[in-house]
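Okay, so subunit A shows up in both of these, paired with subunit B first and subunit C after.
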Partner chain A sequence: MIKSFKNNLKIFFLYSKFSWKTTFQMRLGVIFFMLGKIFRFVLFFFLIYLIFMRAKMVAGYTINQAIIFYLTFNIIDTASQVFFREVYRFRPLVTSGNFDLVLLKPFHPFLRVLIGGVDFLDVFMLIPYIIITFYLAVHIAGVSPSSLFLYFLLLCNALVIAMTFHIMVLALGILTTEVDHTILIYRDLTTLGRFPLEIYREPIRGLFTFIIPIGIMMSFPPYALFNILSWRLLIYSILASCILLFISLKLWDSALKKYQSWGG
Partner chain B sequence: MCLRPTLNFFPQIETGRCPSLGLPAKSTPHFPIESGLPYVCDSVEKKFSICFLWFGRINSKYTKRINDLSSIIISMRKYFRVFVITLKQYFVYRLSFVLWRFRMFINLFIVFFLWNAVFLKNQHISYYNRTALLSYILFVNVISTLVLGTRTSDVATQINDGTIMNYLVKPIKLFRHLAVEDIADKFLNLGFVIFEVVLILRFTGSAIFFPRNILLGGIFLLNGVCISFFINLMLSFIAFWTTETWGPRFLYLMLVGFVAGSFFPLDLLPKPLYQLLLFSPFPYLFYFPAKIFLGTVDKQLTIYYVISLSWVLIFWRLTSLMWAKGNKSFSFWGR
Partner chain C sequence: MIKVKNLTKYYKTPVKKNFISDLFFREYKNIKALNHVSFEIGDSELVGFIGPNGAGKTTTMKILAGILYPTSGQVRVLGFTPFEKNKDFLKQISFVMGSRNQLIWDLPATDTFLLNKEVYNIPEKGYKKMIDELSSLLNCRALLGKPVKTLSLGERMKMELIAALLHKPRLVFFDEPTIGLDIFSQETIRDFIKRYQKEFGSTVILTSHYMEDVKSLAKRLLIINKGKILYDGSLNKILEKYSHQKKVTVVLDKPVNETEIRAVGKPLDATSTHITYMIDKIDLPEKVRLITKSLPFSDLTVEDETIEEIIKNFFKEET
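Showing the complex of A and B:
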């Protein structure tokens, strides 16, 4: 078991090394992408500041709390980009038939198609997000070590849910060869969590909390940090991620059984 | 009887004889044949060409003018076909288009509800009440569809893989061709975005202002469309010198989202920053047309119009220069 884990870790690092080399071959692109990402982050930050400069509270939250929501969204979104970027490149593997070569290898295909392309540009973005969030979190009144722990736990839970969505996209990619739009729709849907879910009215809020668990991913961690998340919802969120993980793995298995190699 | 190209733009058909008239090309000197074009000769054009022949025999001094008119008609037909083909392409990939619109709808949805929530406990934000600001957001959404909707991003790929050659060898003007493709794109997206706006209004029960000063706003909008078209083309022409074209475009899209006023009206910004932005091309993309549609007509509107027109001319010149320079250093990997 431990040996297998060590081997998988070794393969993961090997693929990550390849990804690093590939990314930094395009230096000009790297500079523009980083600039674009920094601009996006700063400008949304500025938008929140601009709104709260004119209105003291929005949907019952103060500016610091709204920024925590925004940063939490960024941490989860960026972390899932760091680990699951390879999903965006899955379609050519299926349509060219090269996915056969992945399946033939003596390790789990997720090592290649799910986490086989770490996005290092997002790693650089993730570090300041975490530092700013931690700085703001300890300055918000009522934040205790237990709420910080729950916040961290729910961040991990959000990453598990993000992983299940990516596995489902991979499975759909095998079944339909449609990956690009599906993954981008997932990303657009998650942007609903950039701001507190309270800004949306019912039934949209309920839909994006209980049916499509964007709320669980993006809003529950800040709720836990502000001590406004009930135990019932905490258990529900962990249960939801377990159920989603089970469904996504089943879907993956079923897609693999229906996989027909393309090309020659 | 008619050699009418359908999906294929300009099939290599024998030219030189008009089948419906049965005349060799030489004997129809007043019916211009553009090199490489099929001899398109349907009933309307047949009538035209017969008229031209008749006129030509009567008085040759009118011949040139009639030829010009005829070539304009054929040229228009040519670009009309590009328009139709672009629409058809979208209908071939219907799911892609619908999913694209769905993504755009989510973006509108978030901004709309964010501002809606801001007005739950506030009557006014700066000069705006709830109706005015939500109207602004919806107007900007429709306008951004017209301004940003483009197919010019494909040009970068075409330069890199060499398929741009297909345009260069055809008797068409690349800029016009791309402009017509863009018009088709905007036309189709406009229909969908109006539907989306109506959907949001019905769902939320919100009221908005009916657009005012439509002609004036339209003039500014036209400038915005031109500025965006030329900037997008320039971003694609970077491909003449490097394959890394997506980075600058990504940066541009990130910038445009904010400094053109798609998330908030720019006059909510601190005044010095706002006034500085007015000298950039960005406020003329969405902000000014939307403000004019809202009914706000500034006394200095003429100055702003001159600034926006200047940006159009500057970007036009720069795009032409890049195209000319790029053509000289054009190289691509084999096909």
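Showing the complex of A and C:
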């Protein structure tokens, strides 16, 4: 078990190393990509600042708390892109038939098609997000080590939910060869989680909490940090991610059985 | 090594009707890709698996390798059920597809080799030895450090072969390994497969539309069409049974007229210096006697039909 885990970890690091080498072959592309990301991030900060110039509180949150909501969204969104970037390249793998060769390897296909292409450009963005979040968190009144721990736990839980969505996209990719639009729908939906759930009215808020768990992913971690998340919702969020994980793995298994190996 | 019994595979395909039906009430039909296929393959055999496009060759091999899930039937390969994807099973097989690639496009092939070294837990010493051996067999040492995207198709195929065989698989599937290659590269790959199989004793299943590949490599032949095995036996037997004619080429001393040419038989091709006849085996002695008697020739050659023609004869008679 431990030997197998170690071996998988080695393969993961090798894939990541090759992803790094491949990315940095296009240096000009790297520069433009980073500039675009930084520009988008700064622009949104500016937007928050403009909003709080007119009102001291928005949906009951101070500016620092609102920034934490936004940073939390960015941490989860960026981390899922760091780890699951390879999902965006899954369609050509299936339509070319090269996915066959992944299925022939003596490791779980997720090692290649889910986490086999770590995006290092997003790693560079992730580090400042984490530093700023930590800095702001310790300056908010009432934040304790236990709430920080719960925040971290729910960040991990959000990443598990993000992973289940990506697994479902992969399964759909096998069944329909459609990946690009599905992943864009997922991205658009998660973008709605940049703001606290309170800005949405019912039934949208309920929908984002209990049907499409964007609220669980993006808003619950800051709630835990601000000590406003009930134990009932905390347990519910972990249960929801377990159920989603189970469903996504079943969907993946079923898709593999129906895989037709396109392209002759 | 391989036991297949009543293997059946259906593919589900949509039935085209009209726009509204296709969108909301799409119907599907099952296409039978394999129909109760049964055969066995022993250790260290090199089997040629041939048939026209869409006959079921690749589907069979993909089921044997665990890529596809069979609809029904029993499949045991190396003591495993392939689709269960047991790691110990996957470590003992390899699949080389002429039209697919596992190499990392932007990086040198050595990076993919390194990856496979970890994937298959190949010890450092064995890894280096294998790279040396395979690259010298393929005469491609100079290509190892070049980015894959800069290699030609033939060169890339050599790298694919090394990547696929580094872990010394007990069972290797070659699915049209020479497709798209020039005649020199085809020969190199053929020689390589032959030598590799001899040296490592692996079981090899080969499909190819180039009959020369099959002829020079396989002793046993499996012929499949419309999902059914039509022939399972020795290559020589099929060559004997379905080779009805011989190709006779006459090099003339001086030009002859049409009547003299046709006195022997209807020629396949005739110029002022060469005449080619396809003559039934049974008539060969008499026709050769006639040629030597009636035509002024400087050279006369008798050849077997090409394997392509023989296989064509087989399909004409058996389907």
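Of note:
Keep this in mind: the second predicted complex is superposed on the first by the 263 of 264 C-alpha atoms of A that agree within 3 Å, B and C clash if a C-alpha of one lies under 4 Å from a C-alpha of the other, contacts with A are read in each partner's own complex, and residues count from 1 in each chain.
FYI, contacts are C-beta pairs under 8 Å (C-beta built on N, C-alpha and C of every residue); 3 or more make two chains touch, one makes a residue touch a chain.
Note that this is a predicted model, so its numbers are computed, not measured.
When both complexes are superposed on subunit A, subunit B and subunit C fit side by side without a clash. Of the two partner chains, subunit B is the only one touched by A:I185; subunit C is not. Contact with subunit B, but none with subunit C, is seen for A:F33 once the two complexes are overlaid on the shared chain. Between subunit B and subunit C, the partner in contact with more residues of subunit A is B. When the two structures are aligned on the shared chain, A:S261 is found in touch with subunit C, with no touch to subunit B. Contacts of A:Y200 after superposition on the shared chain: subunit B is touched, whereas subunit C is not.
Draw one line from the C-alpha centre of subunit A to that of subunit B and another to that of subunit C; the angle between them is 80°, to the nearest 10. Shared-chain residue A:D100: touches subunit C; no touch with subunit B.
By the touch criterion stated above, A:N7 is placed in contact with subunit C alone, subunit B being left untouched. Contacts of A:K21 after superposition: subunit C is touched, whereas subunit B is not reached. After superposing the two complexes on chain A, the shortest C-alpha to C-alpha distance between subunit B and subunit C comes to 11 Å.
Touched by subunit B in one complex and by subunit C in the other is not one residue of subunit A. Note for the complex: subunit A touches subunit B at residues 26, 28-33, 35-37, 39-40, 43, 46-47, 50-51, 54-55, 57-59, 178, 181, 184-185, 188-189, 191-192, 194-195, 198-201, 204.
Taken together, the subunit C residues at the contact with subunit A in this complex read 11-12, 58, 62, 65-69, 83, 85, 87-88, 90-91, 93-95, 97, 99-102, 104, 106-107, 111, 114-115, 118-121. Those residues of subunit B that touch subunit A in the complex are listed here as 95-96, 99-100, 102-103, 106-107, 109-110, 113-114, 116-118, 120-122, 125-126, 204, 242, 244, 246-248, 250-251, 253-255, 257-258, 263-264, 268-269. Remark: subunit A residues 7, 10-11, 14-15, 18, 21-22, 25, 96-98, 100-101, 103-107, 256-261, 263-264 touch subunit C in the complex.
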